[in-house]
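What follows is a set of notes on a single structure, which appears directly below.
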Amino acid sequence: MNSNLIWLVFTPLIGSAIAAILYNYKFLDRLITFSTFAITLFLVFGTHVGQTYSMNLNFMGRMIPLSWNVTHLSIFMLYISIVFGTILTFYSLMDRSRMKGFLLLLILAANNWIFTTNDMVGFFFAWELMGWASIVSVLGGRKERKSRHAALYYALMSIGGSYSMFFGLFTLWRLTGSFSISSNLAYLSSIVGVHPWWVLGIVSLFFVTFMIKAGIFPFHTWVPMAYAYAPDTFTPFLSAVMSKYGIYGMLLFLPISLMEKGMPTVFGLPWVNYIFVWIGVITAVLGTVLAFFQDDVKKLFAYSSLSNLGYIVAAISLFTSVGVTAGIYHAFNHLLFKGALFITLAAVISRSGTSKLSEMGGLWKKMPVTFFTFFIGIASAAGIPPFNGFGSKWLIYQSMIKQHLLFATILLFLASTGAFLYLFKAFHSIFLGQLSHNYDNVKEVPVIGQIVEYLLMFAMIFFGIQPGYILRPVGLIVKSVGLNPLAVMGNGYVTGMFSNVDMPLIGWSLAISFVFGFILFFISAKHKYVSQEDNYTAGQIPQDWGLTPETYQFSWKFYEPMEKLFAPFYRIKIDGFFRGLGDWTRITGSAVKQVFVGNAQIYTLFAVVGLIILVIAGWVA
Amino acid sequence: MRNDTPILVKKITALSLITILMVGFFWAFTEMPKGSSVNVNNRVSRLYILKNVKAATKSLNSGNFFAKGMKPLRSDVPYSPITFGKSANLEDGAANVVTSIVVDYRGFDTLGEVTVLFLAATGVAMLFFGKRKKNIIKAQASLIMSVGTRIAYAVILLFGIYIFVHGHLTPGGGFPGGAVIASGVLGLFLGNDHYESNHLGLKLFESLSGMAFVIIGLTGLFSVNSFLANFLPTGVIGDLYSAGFIALIYIAIGMKVGAELSAVVDSMIVDTEEEWS
Amino acid sequence: MMQEFLQNYVYLIGSMSLIGIGLYITLTDENIFKIIVGLNIIESGTNLFMVAIAWYPKAVMPIYTLTNKLSINGKVIAADPLPQSLVLTAIVIGLGTTALALTIGIKIFEKYGTLDVRKIKEAGR
Amino acid sequence: MMFFLKLIQSIGVGALSISVGLLFMGIGRKITARIHRRYGPPAIQNFIDVFKLFSKNSISHGFAYDLGIIAGTSALLAAVVFLPVGQINLFPANSSLIMILYLMTMAYLGMAMGVSSSGNPNATIGISRALTMMMGYKVPFAAVIFSVYIFARTGSLTNIIAAQSGGLLNWNMIRLPFGFIAAEIALQGMLGEKPFDMAIAPAEIASGPMVEMSGKYLGFGMLQHAVGIFLETGIMVNLFMGGAPNVWIFVIKQFELFFIALLVNAILPRFRVEEGVSFMWKIPLLLGVIQALIVVL
Amino acid sequence: MSIFNNAALLIGVPLLFAFSIPLFGLISKQLTKWVTLLTISFNATFSLYILLAHKYPSIVVMGNWLPPFGENLYIGPVAALLVSLISVMGLLIAIYNLWSIKKGDVTRFSVLFLMFTAGASGMVLTGDIFNLFIFMEITGISSFALAAYGPEKRALGGAFKFLVVSSIGSTLYLLGVTLIYTQLGTLNIAEIAARINQTTPGLLTFAGVLIVSGLAVEAELFPFNGWVPDTYTGAINGVSAALSGIGAVSGVYALFRIAMTVFGKDGTYVSSYGNLNFMAVIAVLATATVVIGELSALTQKNVKKMLAYSSMAQMGLVAVGLSIGNELGVYGGIFQLVNHSIAKTMMFLILGVLVASGVGENIDDFRGLWKRSPFLSLAFSVGAFSMLGFPLFGGFWSKFAIVGASIQRGGWYDFIIGLVLFASIVEAFYYLRIVGYMFSSDSKFPKLKTPWTPTIPIFILAVSIIAIGVFPQIVGTFSAQAASEFTHKMSGYVLNVIPTIAAH
């Protein structure tokens, strides 16, 4: 029966092949993609923790064991990724973006493989498959040149990452002679006390890969480009699911830090973990700061994703029970709300035809369902109770304070407040404010899109007030990595270190106060609806103030004061390093090219010089 | 080193490089066997000279050829003394040991060698391919020249044929013979302003003689079950009709080389104009 | 002394000098044909070197004739025939290469209009 | 039964917060007027205003406008029930400070959504300023909160109050003086009083967020401000002044804090937004960080 | 020792037909191309038969003189695999040539092409160190002439550079061979390999330096590879394809046959006798080649030139893999050789078709190619992905093995592979840039009409890349056997040729 683990990988591959054949027929392609996701979901229902499977791959006459092992973490990740994928592909049935279903299915196959495999060969293979399929997927964005550029950038980062992992896994293989993840991890844990630097080196090779995939601080530069210029329907998957692969990988390796007895500690943390907490915090703050002034809405939310992943990394790096719980919980929450946000963005962009904030505005009347989904999405993302983003953020703060990481916590809080700012900016610029006359004929998304949006709304509220449904499996994961799980008092409770939060209570409180608000609203004097243009400044023509209709919408420089505040930040070009590296390589390339001068004589000279060097070497040796 | 390096720098660099290289060479030669200590008996040539390769093979197959430490015992291979004009049915009948190596023991090299020459000639002809221009007469050949070359041509041709036919007995063979023949053709070109070689004939000679070589080789493969094996009786050493297929091959080579070099001369002398349209 | 030098080193020095001269020409002369000549000289040096290793003092020619005994008491006294046959091959190969090189040189002169090796290149690197 | 009891108590707390808030606003107007050598309106003027506004017809710009403005008040009311008010502590197990702060954010979101959907750029400018300012004061306030968390080893207001029991010297105000000063300055920003009132700067942007409000909408706005004052000063009282044994003392303590804010408001001019934020990130944040270092080390 | 003399036909038949092609040329010029095609297809069939029917290891005795006395061909796993590769590539390029070679001296071109393929096969097959030189020259001379073919003048310049450098190289090789002969008195590779430690170490080192330098010219290792860019760029595309898909294969084979079998010292990692470890020398040269090649290709705007530099770099990668010297590394190297041969041949052929249909060689001309010719751009991308080591494409497995082996070896190979991987990122950049250009939609030009003849080889090659990627054992099985031959010089080579050499 355990062979269904294989089918988890093969079903999407087969689906992908069929979809690839039919890819010219967009609807069929999408339909097959959706149904494959649904079938895979059924296969996941048949999967349970502790299932293992192994087979041998013949590699140069030597058998390489491929093995599968379902852990609590893997089954959790499988469920959340596939359920989200199913919803997304259902949404994509009526979608007009150029996402290729078969590529998504390839990613699904890699997804299932990554989450269930217990050998590094399979892990690496799946990782590569996932990386390349996503790179090709990014290519189909609306802005062709930019998406090509983004895909190239992403590809280079991703190749760099996979080479790093390549190096790491073979180094482990050299040391242990095995590719099995679990036994290699056990080996690393066993020698970490003896050779901490070795272990650190090897693990950091893997971590570079994971950080690149998740887009953590020094390697975040590809994220905004790739997210922004990917096909609109693919971006939700990229942000919601694919960024979690890096987190998954980090979670695999983090238990080693438990054993790091030989390492000096800072605030009770091994210093490596401490550094990672700071990396997470820097990512969170950086994402926030950079998100403020984006005019491209997808870029804005890409930076937002960055920021949230910073939270997750900071939390799981603590490797305390609260920290890991909070990290995984936030990973789930981020998947849900950022998925929902990007899906609504896809809906908006497909209707309005632009992703520029300064060109949109006032769409709330035209697309009410989308508007509400987006509203709840940003409420979740801002961590407003009782929606789903709150609990995890709350736990993250607690886990940080528990370690007395005060500055880090303050910065995270800054990031969170900032998040509210840019989220509102996006909200305002898309849905609120003046409706441009370009969008007079914009309609709500088709029924399928609305169904998905209702579903997502429901999910965000449901998992907000019933966090127990997530916290219980998270608790199992925490237990399986060797930490004490947090107590789960009930489905509605988030249990913290210092206090508890009763989410349904907050829900009730809000609901009742809303009822009172509405009662007050309806019993008081009448109101009448007027058009948006009928307002305080209605008598004036914007042009008189030197304003164009775009700037009248006031999203042009929403946080202008902040620009002055953060000016020093902007002077540090974060991706300058990578661009510099690229430029340096290019210049070196041009210089090296000069070696080949095109003169037969000089080529002969090279050969003679080479010969002489060898002769001298032989002489000396 | 760049294209615009001054010539002096270039020369000094080249000189110093070559000096280092020469020093290296001479240093290596100090370890080489001196001229006075070269011992053919330590080399595989001993077997070729004494024509006891078959005996060596037998000893090899019985495992006695290589001593401990994989040192070959070439001097221990039994041999029968060879007397010129008397010894018959040797494994290789050529009196000229170099020829026996070139054509028989290492005949495959020679096939390759012929091919190289053939390819060079083909390449030359290919690059000069095009519409033939009228011969531009650079200098009128004198009467003596034009008559003399024609007479000499016959002699040279005959001499060339003699050289390759006697390849297995005397110094010489297919290549020198062919070259001699080609020099005759060159003489014709120099002596006659309007001389045109018979292209069809050259081509036929070239192809057929080359094919003959391969076919002889293939005959060996099908009759003696080894490519380029000597399938003819070797006769008495020193006889003209001896040494099996060596003479046949040398005739083929001679004709081929003669035709090829003539063709090279032809293509180089005759001006052509390219046509790619 | 002199004899020993002649026996041991003169061919080697000769061949190496040829190689050196050829290499020098190849490395310094800008004329294509001179470069080809240089290559040819290198080849000659190599061939001389190969023949030189075949010969040793008092060696006889490796041809059976009525008067020429190649072995005395089981000891071969002839010059080594194998390098000689190799040289034969090498000469022919050198001939072929030279012919082709000359042809290419002629065609280069036709098309580039120059024999300067520095000018035979494309604009973009 | 329990549910209804809590419900009624909650309604009571809500009503208390509204009335105390409106009262404070009225007193504030009076005091400010006296400082400005004016007579000023009566202290209950704001109650009158609210009733008046709710009975007037008004215009609206759509359901988002309605919803947002209702949400602004309701969310604050929902938050206020978790605040321990003197002896009234409705949900002692559930009074996490961070939770209350985040729930307050809902109110800002609702308010901002409502006024922005009107499409008036002045409102949006006001919102943008308000949010920018929020970024400014939240950070030093967070520094202080986390210092208190670490100091008291708890995050629940109930427990923080309990930790300060036993007299004046146990108050965090005394124990964490730098933190208190920082929080006090942050409170000035939270209340939107001068020098941090750039969001509603009437002369520049026609009262900013309130520009499109009329009738009951403005009424809701006033209610929200009232509850906001109650909630924010209440948090400060609980954090630094050891809570209160009963409601009256609680209100008096709140008033002390509000009074300081009023005095500052009355005498200081207004900052520009970026000046305000950078001020917040210099002095209060520095104080907060000093406090945090003292606590941690 | 099993003797399989009929395999001499692999050399004999092409020679016979090469000599006879001028006669066919008298009948019809087009016929000669078909003769070439059929001859190479005989070679391909026969070598595939040898490979698939597992007729190896066996030797082919020439002239009935058993090794080490006469000459012989040795068909080991390496030779069987590479001869099949060379012949199949030759066959596919010959199919392409049916369409592409229409002007000029078609007859002689056919002869040269046929002998180029046969010479490369001979180089791979031969068991005699001097015979190797002869086949090197056959390959060399035919490739000089082929490279000079074509109406463009740059062809001549490239061919001349190739000729000069290659002449120096073959001279060095010949000197080295002579030095070895003075020591051991034999020219048979197996005997030399077995007795290499009986030589004077100093002279051995010197001979090794000469031979390695000489062969490095053919194997395209820096600094002996100056000719590569100009020659590849100058030659017509079919010839460039042959040079990278056939010539380079035999060059690398020869280099490692000498370094690993002749000079090699068996061990966990093959090293070499003499004062200098030639495997290490080659590793250094190869790394330099990879880095310099990729960096030079980075800023190329001319796609053909870029492919040329990339070809050089890929050969460096192959050499890195082989120079690691354990089974996994050699496996990876040979696998990479096969992959590179297939992919680069295909890319040059595609370039040829494109150039013939009026698309320029410049990278800007590739803009929007996807719309103009979907098949060609897809195939080109497949090749590029294989080069980059995209999973499910052939190149993945070989790169995987090479990196794995170098890390397994550790030590300074960690550094080498670090450099190589850096270079691979550079490579990824320029290949993906082209792919990106091809799939952009901003093209104003009409659709291309692709003739069907050249699409056959391109299609076969593209399919085989994917097939190898999905089922790596297609090549992997043979590559593993080849690795075992290379890494065990006595049991893999010497004893198969001269079984009684170690009788004592």
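Labels A, B, C, D and E are assigned to the chains in the order they are written; within every chain, residues are numbered from 1.
To be clear about the criterion, contacts are C-beta pairs under 8 Å (C-beta built on N, C-alpha and C of every residue); 3 or more make two chains touch, one makes a residue touch a chain.
Just so it is clear, the structure is predicted and the values come from calculations on it, not from any experiment.
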| item | value |
| --- | --- |
| Set of chains adjacent to subunit B and to subunit D | A |
| Those chains which touch subunit B and also touch subunit A | C, E |
| Furthest chain, CA centroid comparison against subunit C | D |
| B-E or A-C - the one linked by more C-beta pairs in contact | B-E |
| Furthest chain, CA centroid comparison against subunit A | B |
| Subunit A and subunit E, separation of their C-alpha mean positions in angstrom | 44 |
| Centre-of-Cα separation between subunit D and subunit A, whole angstrom | 35 |
| Gap in Å, rounded to a whole number, between the CA centres of subunit E and subunit C | 29 |
| Chain centre separation in whole Å, for subunit C relative to subunit B (CA means) | 15 |
| Multi-partner residues of subunit A (each touching 2 or more other chains) | 593-594, 596-602, 604-605, 608-609, 611, 615 |
| Set of subunit D residues in contact with two or more other chains | none |
| For subunit E, residues contacting two or more additional chains | 130, 134, 137, 141, 144-145, 148, 157, 160-161, 164, 168, 181-182, 187, 206, 230 |
| Chains grouped in pairs wherever the two touch, ordered by label | A-B, A-C, A-D, A-E, B-C, B-E, C-E |
| Contact footprint of subunit A on subunit C as seen in their complex | 23, 26-28, 30, 35, 117-118, 120-122, 125 |
| Sites on subunit A touched by subunit C in the complex | 593-594, 596-601, 604-605, 608 |
| Partner subunit A, residues of subunit E touching it in the complex | 157, 160-161, 164-165, 168-169, 172, 205-206, 208-210, 212-213, 216-217, 222-224, 226-227, 229-230, 274-276, 281, 285, 291-292, 295-300, 327-328, 331, 385, 388, 390-392, 396, 400-401, 403-404, 407-408, 410, 414, 417-418, 421, 424-426, 428-429, 432-433, 436, 439-442, 472-473, 476-477, 479-480, 483 |
| Subunit E-facing residues of subunit C, complex | 19, 23, 26, 32, 35, 39, 42-43, 46, 49-50, 53, 82-83, 86, 89-90, 93, 96-97, 100-101, 104-105, 107-108, 111-112, 120-122, 124 |
| Interfacial residue positions of subunit A with respect to subunit D in the complex | 362, 364-365, 371, 375, 378-379, 382-385, 390, 393-394, 397-398, 401, 404, 406-407, 409-410, 413-414, 417-418, 420-421, 424, 427-428, 431-435, 496-502, 505-506, 509-510, 512-514, 516-518, 520-521, 524-537, 552-554, 558-559, 561-562, 564-565 |
